[in-house]
Structure formats: C-alpha cells, structure tokens
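By written order: A, B, C and D. Residues from 1 in each chain.
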Amino acid sequence: MEYTPRELMVVCASRQIHDGEHVFVGMRLPLIAFALAKQTHASNCIGLFEGGILRDVPSTELLYTMGDAPNIAGSLWTTSTLNVMGLLAVGEAHVGFIGGAEVDRYGNLNTSLIGDWKHPSVRLPGSGGAADIASFSQRLAIIMQHDRHRLRERVDFVTSPGYGYPSEEGPAGVSWRERVGLPRGGPSALITTLGFFTFDPENGEALLQSYHPGTTVEEVQEQTGWELRLAQDCLETIPPSEEELKVIREYDPYGVWTS
Amino acid sequence: MEYTPRELMVVCASRQIHDGEHVFVGMRLPLIAFALAKQTHASNCIGLFEGGILRDVPSTELLYTMGDAPNIAGSLWTTSTLNVMGLLAVGEAHVGFIGGAEVDRYGNLNTSLIGDWKHPSVRLPGSGGAADIASFSQRLAIIMQHDRHRLRERVDFVTSPGYGYPSEEGPAGVSWRERVGLPRGGPSALITTLGFFTFDPENGEALLQSYHPGTTVEEVQEQTGWELRLAQDCLETIPPSEEELKVIREYDPYGVWTS
Amino acid sequence: MSKLTSMADAIAQYVRDGSSVAIGLALEPFIPFAASHEIIRQQRRNLTLIGPISDILFDQLIGAGCVDKIKAAWVGNVSEGLAHCYRRAIEQSIPHSLVTEEYSNFTIGLALLAGSLGVPYIPTRSLLGSDLPRQNPALYQQRSPLDALPLLLVPALQPDVTIIYVQRCDIDGNAHLWGSLGVCEEAMLAARNVILVAEEIVSREIILSDPNRVVGPSFKVRAVVHEPWGAHPSAVSGYYNRDHEFYHEYHTATRTTEGFKQWLDEWVINVPNRVAYVQKLGEERLLNLGVKKHLYAAPVDYGY
Amino acid sequence: MSKLTSMADAIAQYVRDGSSVAIGLALEPFIPFAASHEIIRQQRRNLTLIGPISDILFDQLIGAGCVDKIKAAWVGNVSEGLAHCYRRAIEQSIPHSLVTEEYSNFTIGLALLAGSLGVPYIPTRSLLGSDLPRQNPALYQQRSPLDALPLLLVPALQPDVTIIYVQRCDIDGNAHLWGSLGVCEEAMLAARNVILVAEEIVSREIILSDPNRVVGPSFKVRAVVHEPWGAHPSAVSGYYNRDHEFYHEYHTATRTTEGFKQWLDEWVINVPNRVAYVQKLGEERLLNLGVKKHLYAAPVDYGY
C-alpha cells in the first residue's frame, strides 16, 4: 500500500507512545501520532499541550494550532501554561515530541539560529516550549526532515539540550545531563524522512536503528553529517499497516500535514 | 449616644481607610470597619481577602469567616490565595489590618507563643496571613484588647514585624525595616480598647495619639507595659457618630463581634 | 477505570503512618472532615500535616494522637479562637509532644507552588525581621545573587497525599471546584497522590463541558470518594453554609482532655461513617444549613 | 467610573515610545491584533515586546519598525513556519536592528509569575546545558544554596503594559476569559498597567455571577476597549475560529520587504479602525469563521 514519508514518520512517532503514558504533544506530525496511538495500541494515553490543555481524546477536527477551539472543548483540563509546564517539570511527561532545524549526533537540537550568534545567517523562530520539553521529558522523540545540512556533527546553537558533548569533564550522554544539572531524560528517538535512530545513553551517540523502505544505509549515510553508527539489529523500518494509514487519513484526509 | 469599646474600635479602624484604597481585610472588627468605611467616607475602597477574594461591596450577611459563601457570591474576583497574596507582595494593599495577642512599643506583634520558644506556656494559633500583611502592606493597622500583659516593652516572639528593635546596627523604625530587607510599610496605627496610637517612623516608637472617652492618659499608662510617649496633639478620641453606629448595628445587629 | 471507592479504603490505602498529608487547603470552606474523621478512626500515627490555616481539623487529629509535625500558618478555630488540643500538645505533650514548623499563608503557598513547578525553592521578602525564619528550620535566609538584598528562600513541599474537597467530579477524578480556592490547586499539583472527596458524582460530560472549572489533572487522583455533607461543619458554596454553632460547641466541649475525648467518641469514634454522621446531625440542622437562595453563574459557550 | 475607551485613546495613553508591552499571552488564541494594528498606526517606536510565542503579531510590529527588543520563546507563524520580518530585522537590520533575549515558554512564564508574586526571581532546572542562558543576559546560573545543584535563576519581568483579550467584560474591567489561558493571568498581575480588549461589553451582574471565571483584578485595568473580531485572525472560543488561510496569505505576501509594505498598507495603515477592518474581511469570511456548534458549560450555583 502506498504511503508518504510523513505518514511513515507519524507511524514511527506513534510507536514511541506506550499505553497509559502522558505525552507532551507538539503540533503537526506528533499531534497525528498521538491520535494514531490513541486509536491503536495506546488507548489510555493522555496528551499535554503547553497552551494549558490536557486531553484524553484527540480533537475530532484537524488542528492547525493547539489553541484551536476544538482542542479546548472536551478537554480534561484547560488552564495556564505554567500549570502544564509544571507537570512537565516535575517529571509527569513520559514522552515529549519536538522538531528542529538542526540536530547533531548527540541529539542536541537547534531551532534558534544558523551561523554566528551575533550575526546569524538565518534567524529561526526559537525554542517555544522545546527546550523545556528536552530538559524535563522522561524520553524525548525528535522528528525531522533528513538531509546533510540538518543532521550535523555539531549544531550552531543548542536550543534544546540532548546529550551534550564530550569534554575534559566527561563524556556526552546521561552523565553529561547530570553534570549540567538536568533532572532526567534525554533523546530516545530521532525520526527522520529516511530512518529511525535510537541513542546510546553511555556516550549519547545516535544509532541508526532502521532505515525506511526504499532507502539504504548508504543513502542514509550520504544525507547524514556524521559517520553513522548502526544498532546491532539495524533493519528496514516496518512500514505502516493498513489500519494505521486508515486512521491517519481519517484524521488528515487532505494531507495538510502528512502529504 | 451609648456605644461599646469595640464599636469605637471599629470606627477608629474605618478612619484608617481612605477612599479608593485597597484594604487587606482581616476578620471580625476590620471586616466591619471595611463595611463602615464603604458606606461613609470611602465608597470606592476595595477589600482583599487571603482565601482568594476581592470585593468592592461588603457581603450583605454578617460573616463569621472570610470563606463564608456570602463573601464569595458577588465578589469581583474569586481565585487562589497566592494570587491575592501576590497583590499584597507587590505593594497593591494600601492598608492591612491585623490583631494580636501581644504588641510592643515598636509595633512588633506576637500571635505565635507566650514564654520560651521551646517550651511555651501558651501556644497561640500563629501567623496565618498576619506576618505577610505586616511585611508588605503600605500601612499596617493593629487592633488589640488593651491591657498591661498585652502591650509590652518587648514581645516574646515576633510573628509579624513592626519596626524591629534598636541595635548596634541602628535604630528601630523604617531604617530597621530597610536593614532586614522588608520592601516597605510598617505600623501606622495601633487601635486598642483604651486608646489610639500612631508611630514615629524615625525610631519606630508608638505615640499615644488619643485616649478613648471615659479613660485618661494615666489610665492608659497603667495598662501599658512601656513608658508612654504622647503625640504633640494628644486628645480624647472623637466618639462614633450616630450614622457610624447605625451602619455598624445594621451590619452586626446582635453584636456578635461588636458587643 | 473507576476510581470511586469508600473513604475507609481510600484512607487505608493512601494515608499511611508517617505520611505527610496536605488537607484543609481552601482555608475556611471545603474542609474534608469526612476524611480526617476516618484517619482518626483508623488510628493513623506520626502524620505530618500541611496546610495554610486549619479550622479545627488539625486540632482534632492532634488531640486524637495522629500527628507528630505541623507545617502550617495557623492552627485554631476561626470563629472561636484558640485550639485546645493544639495547646495541650505543645504546652503539656498531651497526648504526646508535637513539632510545629510555622509558615505564613503566603510562604506555605509558595512552598506548595515550588513543589508544583518542580523548582527547589521560591525566594521572597516576606517574614524578614520576623522570628518565624529562626523558628522554622525549613526557611533559609540568603542575600540575593542579583542585587545582594536579603531574601527568604522557601523550599518546595511535596506532600505524600493531598486531600481536596470538591463540589462535583466524575468517577475518573475530573473535578469542578468553585469558590475561594486557597492553595488547593498548588497542593494538588505538588502532591504524590491525591484523594478527592466530592459532594456529588456526576457524568464525565458535565465536567468536560467546562474544562476551565476543573481543579487539576485527574491522572494525579488515586481515589474518588462520594461523601455528601463531607465538609460539614465547613461551608461548600452552592450546597451548604458553615455551621458556626458546631464550631462553638466544639470549642466549649474540648476545653478539657476529658471533654475532647467525649466529643471525639460522640462525633468520630462511635460514628462508623459519614452517612451515620449526617443522620446524627439531623434533618433540621441540615435544613437550616442548606442553600436558601440559588445564584447561578452566567452561561459560557466553548463552541466553535 | 467607566474605563471604556477607543483603541486609539487606549494606545495613545498607555503604550508610549520605549514601553515594554506584554501581548499575545494565550499563545495561539486571543491575540489582540486590533491593539497591535493601532500601535503600528500610531507609529510607536523602541518597544520591548514580551510574550511566550507570537503568532505573526510580533512579526508585524517588527516589520513596521516599532520594536527594539524581543523577550520571547518563539517568534513565527504557527501554521506556516518562519516569520519573514523577524528574519529581515535580525539578518539584515531591515527596517532596523533588533535584540532578542530568548526564553522558553516555561521560563518566560516563570519570569512573569515572579513579577506577579513580588519575588526577585524563580529558580529552575530547565535550559541547563542549553545555549539560551549564555545568549540571554537576563538568565543567571548559580548552584543552589540548598543542595549545591546547578540552577537557572529567572528574574522577574514587570511589563509597563499588558494587553489581554477577553470574551466579555464590564465597563470597570471585570472580565471573563475561558479557553487555554497561557500566561495571561501572570502577565496581568505582573503588569504596571493593563488594557483589556473585549469581544463583548456586558453588565457587572453577568461578570460577578461567576467570580472564579474572572481573569484578574479590575483595579489594574486602565482601559477597556470594545472591539468585536478584535483577535482575528486568531481564535476566540465561543465566538470565532482561527483564520488559517489569513496566516497563509500573510506568510506568502510578506516574503519580501515590498510585499510586507503592501500587506501592511492594505490591512493596517489604510484601515482606520477595527470596524473598517471587519468590513474589509467581509460577510462571507466572518460567516465561515463563526461558531457552527454551541457548547455550553454546565451550570454552577454560588448560592447559600
């Protein structure tokens, strides 16, 4: 059955959500991944939205922003941003989703600027809630377009901390997060248009876990700005099931976000 | 016209409220003073209640506690304690009222314990919001039963800071409050069953401003645990007007708080 | 899965000996006496009680010997004055000694807010120059790293269990609370576990029709207890008024240790549950306390 | 005394050259575009803009040359992506250079919360290891005096003026807001002055019938502006939906400096006021954005 790269990314994202978990949902693909997970393997998961919303049933309408009225009506709790971010800060979010313009091999994300801090060549919108989600989620899932200038050895600016960098004080990874004072978490998945990466918590490095149907490890390497490390069981990504595609297309019939 | 000491105290308290001011209202007499001020000289004042309530019209029913339903219905805002205490903290309360078991010549109040901290002879209820009101109100008005063991040279425990004490670092008064880090305020009135005191901001000492009808300076001195200082224009307290008594008795017809 | 349970089971499971319990968080109204009476009946011991003011609820738990430590701004009887059991515990170690860590209403709120935001402390300029920071070992004084002015650091509090009284909720713990909120929201968010005591159990549709009215995240709620009149003698807006006379009777009856024991036997120990308590209050008393005048909120539309 | 005034007068009096202005505080909905367009028409200069995310509102003020500094977590177009005027200002100093002090949504909220509580700062463990604390001079890193762990201190922000959009309020500034609140409440409490922009002006009785729904203290409100459709193209629950197409048109039209100038002339400069703007939108567009399905909150009783 035919499907788009974004549809596959939504499926990979939904597989990061386990039943009963609290999901810090971003916009676009993660929002659809949340709806997909709810209707397939994780019917008891709850979505947190930084505008100040908790939901256990996805909005019936396709959302363009989390503040759209259909996302408020029928929510479990509609409140302030700080009340929801507080839940994130105390560790109540099992998994959080964010995207980015650049990511590096240690899962550090940049959504602030390209080039020199003082005189950037491109000014990006900035953190929003991403840096908080990266600081506090128990697990972080990153969703990105895959190309060589986006997956880099090192990003120009760390907006959202991943596993940091090795230094004289110690390696990247979980130990780096502890050194800088982050309370928990770190990237557990990097989902791109070409493949799916996990991370080695010991040294914080991305591991290619699977490459999407139609690509090869070589093609992924060509489009990746660091020398790939493969997971021991690196295989082709399991494609979307018919049921998964049916749910996605019911939610986004015109492919606003998934075409 | 006959009146009770408490009715006179309510009148003295209401005279501390200027029109248009935000009043951090306590229970009992100050609550009646707020109602009196609203209906006489300060029709535009607003009351703040620490349970999380703002009102510009006093409750129509006599209140036993500020959380009574009649105090919530028809309020301008019913919210959290922190939202109201935050308004106090930033300086939005022009005048705050508190009572106490003990007060000293520098306006320091004790509502925590009598005797030794470790083994008190009497354990009192504690601060409630009083210490915050004393810390943050632009002006503090204290209301107390007047007798020698309540108006003392020095209180056993400072629950609510007034003007502190003189020390090698400097005098009591406004300068003491600055030294310890309080942002503003200090006692401006001490209203008792026998008299009405103001304070000298230079050295923080209470000044007898007026003695209530039926008492004398000598009688006030007998019941006061420090050597009185008189205000230059110390006179007899102006008694309640008929109108003032009428309003008080409409609000508390059975003298629950004012008999 | 329904979280609806009996008060006996809710207390047995979530209030253990030695637990820190936040209760009585809306100040004078919405006090979950039905819960504290069950805690007494189950003879829970070594509790730490957390709350801003406590209108005789803390006094009852102290007199019954359940409490080792108090973290509060005020312990007494709002319309009557002093709390006799609290005095006896501090002054004479009856039934046993008690430690008070005294806060103010603002600083106990800041401590729970800090807990709800996952921040280690919140600094304030309140209480500077007071003896409270010297008496309460939890409070820490420091000069601000920003401007070198004195500050009081109020460390976060995260109660083992927070018990909240609400007008209505569904069986999953989605709850509506209206009236003065005190520190209910902060205490619910800061808690490890939450027990809801509700005047009414209603449908999910009623609660979700007004998500701005919801008190907090139902995923923190472990137990929902349906207990009509469960806040008596405190007030519940829209349901019943405060029973001032009951507070007066309590104040008078508990002046002596014996008097307290008799009061406790009559109103708690020998009353198996809240249904029996309400029967004991009697028709007439309930009628007098009930709502005389309904005041409905203007409609709001969440439509799109 | 009524605070009802025109938008022109409200902006002229309370938004001065050099003011710090908190606006767009509920994230995507309730954005007071009617106010920002008047700020542009009055050619206000050297403003500091404060807010969590800004869905094209900041971009318009930047492109119009009103802004010197941004204190925000995100500046862009939520459904479309990048903000072209923001990019031109930072990358090419068009129309002039701009300073960004970047926060996250949590830390900008903490800064306003600190302002609302009169506390100098709030410490958090967010953003540690990120480059934001190094780029934003307002953020300060310190080890906790309590446990020596690293902390980020977020200093208080107190905007000169906070502009809040509400569904309804009375002429004194008592206002009802429902839907996702973002940081509206904290920004209103932290502000020196507050301007309310309301979809509807209603009686005091309607507002006071539901005091828990009130957004904040009316005594902080200096001006009340009645501006139906004043939040378009953003959404207002119960009144109209977000005009996604309008954001798309803006994104496309403003790719070039000339394109932005034309857009600004058409939708702001040559539109004298909101009434004319609404006429320009046209019946059909308004009809399409309007509420199709009403969803009313369940009644609540404040009676006693």
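To be clear about the criterion, a residue touches a chain if its C-beta (ideal position, glycine included) is under 8 Å from a C-beta of that chain, and two chains touch if they have at least 3 such contacts.
Everything numeric in this text was worked out from a predicted model, so none of it was measured.
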- Query: By label order, what chains touch chain A and chain C together?
  - Reply: D
- Task: Going by C-alpha centroids, which chain is farthest from chain B? Tell me that one.
- Result: A
- Tell me which of B-D and B-C has more C-beta pairs in contact. B-C
- State, to the nearest whole Å, the distance from the C-alpha centre of chain B to the C-alpha centre of chain D. 40
- Which whole number of Å gives the spacing of the CA centres of chain A and chain D? 28
- Message: From the mean C-alpha coordinate of chain C to that of chain D, what's the distance rounded to whole Å?
- Response: 37
- Message: Could you pull out the residues of chain A that touch at least 2 other chains?
- Response: 53, 68-69, 72-74, 78-79, 82, 85, 89, 136, 183
- Item | Numbers and ranges of chain D residues touching at least 2 other chains | 110, 117-119, 124-125, 149, 151, 178-179, 181, 185, 212, 235, 237-238, 241, 295, 302-304
- Message: Let me make sure I understand the interfaces: which chain pairs count as touching?
- Response: A-C, A-D, B-C, B-D, C-D
- Listed in rising order, chain C residues that touch chain A in their complex are 115-119, 174, 185, 189, 208, 211-212, 214, 216-219, 302-304
- Message: Please output the residues of chain B touching chain C within their complex, sorted ascending.
- Response: 27, 49-53, 64-69, 71-74, 78-82, 85, 88-89, 112-113, 117, 120-132, 134-136, 157-161, 164, 176-177, 180-183
- Note on the structure: Note: in the complex, chain C contacts chain D through residues 110, 117-125, 140, 142, 144-147, 149, 151, 153, 155, 167, 176, 178-179, 181, 202, 206-207, 209-210, 212-213, 235, 237-238, 241, 291-304
- Given the complex, residues on chain B that touch chain D span 22, 46, 53-54, 61, 68-70, 72-79, 82-83, 85-87, 89-92, 136, 183
- Which part of chain C faces chain B closely enough to touch in the complex? 26-29, 52-53, 55, 72-76, 78-79, 81-83, 86-87, 90-91, 100, 102-107, 109-110, 113, 124-132, 135, 149-151, 178-186, 234-235, 237-238, 241-242, 244, 295
